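Chain naming follows the written order as A, B, C, D, E and F, and within any one chain the residues start at number 1.
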């Protein structure tokens, strides 16, 4: 018996990928934050979330599931990529994800900034075809370029749309809050087929009704879930790079994620945890719980 | 006139037990954290909560009560116990509580970790007989043993049940959230007669409906209220030892506690404040407000 | 193109008052905290809120407004006043505000502690006549004196009422929570014509219904909005001087403020940000968003 | 036996003044920070230093003294004074000190900001006549006025000099560092008879040689020791209001204070601990150790 | 090529014990803090020091050594022990250390509190016979009992002396500072044959002269080096449990440790890192550097 | 009269470059941290150092200089550059520096990470020819490439040497500490003509002797001074990206910088302040004092 504060730090104290012969679901870190426009530091996200996941126990009561039984879940460590060159890093992440996915398993990634969603979507779509997307975020992340750079943490879903990785009208942003550059941001985004659900909408209509809209959106398509931790209010997630007041509570976020149980999640990420701005690990813990829920949903889907 | 930041630190700037001849309600610290399984430090809870209580003013508007008038409320200081030996400490706490209760008053304890609830329940039941229990917590705290130890912060209510300190079907957990070890945890717990109300249940049904369930549960029995501050979301209570995302807000918790006004609270504790993980005293302040509400409810009950 | 983390720190990266010929709305800092009764430090509020406002973008999606287009919005810097003598400071703030208002624009002030609201109300009422008031706060701030001092952060609205700056029955407190000195506090306050809406009321009736009550209250009178950041729960605003558990969420506060769109806001302040107690700028960011919303409402009103 | 983290918080766990019939040395808090020009918060200094003094044990090895045996040492609590009006507060502090000194004991005060040194010097000189002064500080604190105010934390020693409380050529500043307003600052200061020893001087000549200069300075006169904690480098004392890089280490400061053993210390203060800026209590602990050393020196002097 | 912030967290990014067939030096964590008398939390020391060691590069310039070449150095993970029962834990640590040492290698342990030194000394002496000891600490750690407990973080070296694990007159404390219980503490300690070198002594005589005394002390005996991180001033090591002002600088400590190069270090520990009180990892980084130096000295000794 | 906490934040409250017709010395921010290999965040260095410089007064006592009189000193704001592409950013910084230097003044830059030194050296050498260099740092910063990138915060001085910007045998590193990659690092560095003075050397020989070596090194050549704040011990500068235990004190660093008074400093930078890791601004304050000293030395040189 090992106390939860002891031993090497892997996600939820799972075995590493080297310690098992095969695996079904892998949690993988992508410590890249070169696409950050404001407070950097998400490169330390994977190690912080691993440390913040030590308390996670093996039974999920709301979903009545033992996610680590049945299929094999592992911690695949971190995908290595350049801290200096975004294009190179995006390619390295895509290659790393492809290599992992070659075995037929599914990935839940820990960012890193939101730039990493693009190569993950590429690798996931390569295996599953165009994807439905549920995207939790304060921001749209469908901007075009910034300082001439096409790959940043504000652009992954525009790039993904342009590259045909997303199914039309099967994608949604949830938890939007904070000012934008212009009204065009919303128009352009809608033109890419995104449903826009704000944080205020969640408060007004409730978790259950929002889940229904998301499930309708996802339909029976293979679903990718991308969670920018700044979808939470800064009270719940101070440790992030572009915080905006007025976000979701962690209870709402967990409720929304769990509500996706009927869908088939083929890939997921939780990004933008910047531990230097965290306090008492509360952001890392929230992220770890979201990851745990995503793994549990995948485990149920695989076990079905 | 003394500014609120001046003078020795007693709970809500109350007199100490030595400064008055008799008392009706005593706030007492129990700085023991030897039963902690993850982040320790609740031994500093009493001093932190006292410091965080300096702003508390004498009139409770929601309950329309001046809790420090009528009966005498005091700060009884800390019960001294061994930091090294759990069995010894549990006995010392029980002895200390018995000694204080000998005068006929009621106690509101500041933990320390949740281990302290067991000796407090023993001492309270000794005077009032088997008790109804409303237990605010992220966790069930009805586990059996951990590292072979029967007395830890995860086991007080199983021990209390085994010892006959609790009335059957008059106990409830409120605010449960976070993963468990297995489905058996819930089954075993229910077999001890506990009602289980999750944090999500509170969100779904609201404070008022939850209060109704709790009051029905308590009935007219003497009620013990135990508040583990980790029932709050880590955003509201970062300063605690086993934080779990998705908890209550402090407004919900205060509403639930205040809702217990019709019941007869004969003992209470607020535990698991670990100040080393707190920020700007927000956890200590939340705990101080809960304590203040508990004292107010007792004062009303005594004044009736 | 300038990254948001670069360049001198003005509110929302607006031009300074010296850089434009005329202006319509000015954000102005009032770094005075000599009226604080507990945790001081709001003197650093203006610089912290400016720094926390760097991420604010130019389009407000909920209000569908580009607040910095149309009229000219500026950062007027700080009004200088004595850190040592309250009466002198109050006069200096009034003089400073009058001087700024002489050009016909409107002010949104960054405190400083709540003492600054009185001279701001004087200057605003001088131009617009007696005012309706919506006051977001944990506290009533209609106390009389403290340590013999008539001008403190707990008394501005009693003084304003006594001086005839407020319209009878057109004022409201929103978000009240925490203990009081006595039941008289509420009675005295009501006698001055204030509507009292607690944080619990907001939770019970919702943002929309609360907004309706506030708009009814304000009517078509010139409205002053005063926001003490401690109206937020300490989870959302740890960086303040007299925190009380059980407050609003930042999403609720922003919803309530935005709901005031139909009213004509002629002056406003956001006060009591004490950065030494903040973490990761979350309080400053919440305050910056509230200020942004207030500026947006004024811009809409001016543009109408 | 009581663990050091348990029980009410008095300085070094000493009895309070109410708990003993007479006393020889009293530690007294003066929670006033209305004279602060930059980062406020020293009003919380007394409670923080008390909390930071819990680890102090009863034997001083370098001075081979049991300071709490022989004479009676007590914690006299806090002198209450207005937080709003400096002149009033200065008078209240003087009155409070006079009242305490009426019994014939000696005081070691915990600030509060440095404004408090003036009334303490007045009360001390009233009993002992004009005083020698050893003043540890980054700053001269012999400025004249600031914003027209004669009593601030930058002026106590000019006022004391003007009032004849200090012996000519028996005073010294130690540990000066950081920029000044002009060369006149030094000239004016020297004209009041102060010896100026910079932090760099201490590094160059060593603790022993510096002590010799200070003892020569003090001679056999009654000595007052005033310690502004910002004499320490910000690494050693982050929790203070006007930090300047390049200060003393805590080991140097303690060595210098202990070196004063041959002198007769009749009064002392340790000021400018601002806990909101402290981390892990390191500033409070440094201050508590300096206080402990000052009490020990007084105890030796009384015991001689 | 892997960025230093990426990948699982092992000490200095060394291989784990499972990844190599044999090893010569193992870094091993002992996450036990049940013997702590004040601020707990050293149970998180191993994970924090591992994280704080990520920047350590492979060449030691002062010692002109590549410590990870030649012999095999590994991270052996954590020795598991009960968090609840000190006697049990001490035995588990001794067993764990014996098991590791069975292969003939040497251990450098990361605490955990100082209680862990006793079982480590037992295991080391079992293989090497009675040991010379250089003990860096603010405290003597030769107290007898506390709350009746013989095994705490204040008693390991008395127990070791009683058990015959230490060579007479080959042991020394270095860096002592802070008050004691009585003069007997020093007398008793000296009677056990310890040389006492205070922090002030190090400042007075310098690092080089102190090293000479330590080497003379150690002679050619097998040497155990135990480093309580609180030997550093709280400025350098805020993250510890019983901080005392006036300690060493990290440069002094590293100089003293490196000075032990001529000795033959057969075992070592670095203890009392309590990360909850650390800031920006500075304590963990200091501890990691001391560990790195100890490993380097062992590597040189083995390579000789 | 403006309190030091009031008003817009410029370095030492200097006028901005737009507010004066001409200038002699400009402080300029370069908020770029794309070349960071470990903890990022130096992009917020300029705003943090400006905020941390508010207390700087106009007279430098050790240098007996009023640096802001005589010549005109300004705050030139920040040079804007891409946060995403290092080559582009380096060129933009060089262009920005050239533009500023076109007027004949001298620059003191606030980083940003150490990558920014290369374009600054290019621009400075363009006007003054090859330069002497005094480089304060824990690290050599003469590495070659990292992840294939030639321009990072570990390589500026190798690039500068290759580009002929540095005079042979007129350059020195001061304050080196921490492990290296291999012995070749030192050999390669020495081959570029650098003198290597470690932090331990400074402790052993003292500030004065070290200054003599540096002045001999600089001779009468135009001198560039580059200060990586990580030359300080983490106790003095927690807020930096690659901290190493065992560094200089801030008093030593300031003494060394001031000792350069006889030299002719034509350019300077203070880099690697990463505020997210700072506490109570101590790193920013240390950096601000170093900048102030550098400006003072330049002002004296210009005034000669």
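A few points about this structure:
Heads up, the rule we're going with is that contacts are C-beta pairs under 8 Å (C-beta built on N, C-alpha and C of every residue); 3 or more make two chains touch, one makes a residue touch a chain.
All of these numbers come straight from a predicted model, not from anything done at the bench.
Each step here moves to a touching chain, and the least such steps from chain B to chain F number 2. In summary, the chains found to touch both chain A and chain F are C, E. Between C-F and D-E, more contacting C-beta pairs join the chains of D-E. Copies chain B and chain E of the same sequence differ by a rotation of 180 degrees once their CA atoms are superposed, given in steps of 5. In this structure chain E contacts its sequence twin chain F using mostly different residue numbers, the overlap staying below half. Separating the CA-averaged centres of chain C and chain E is a span of 54 Å.
Centroids built from CA atoms put chain B at 37 Å from chain A. Residue positions 1, 3, 5, 37, 39, 43-44, 83, 147, 233, 235-236, 249, 277, 279 of chain D each touch two or more of the other chains. Here, these are the chain pairs in contact: A-B, A-C, A-E, A-F, B-C, B-D, B-E, C-D, C-F, D-E, D-F, E-F. On the chain C side of its complex with chain F, the touching residues are 1-3, 5-10, 16, 29, 31, 43-44, 46-47, 50-51, 77-78, 80, 83. Listed in rising order, the residues of chain F touching chain E in the complex are 37-39, 147, 176-183, 185-186, 198-200, 203, 233-236, 238-239, 242-247, 249, 277-279.
Chain A contributes residues 1, 3-5, 54-62, 64, 66, 207, 233, 235-236, 249-251, 254-255, 279-282, 285-286, 288-290, 292 to its touches with chain B in the complex.
Of all residues in chain F, those touching chain A in their complex are 33-37, 39-41, 43-44, 82-86, 146-149, 152, 276-277.
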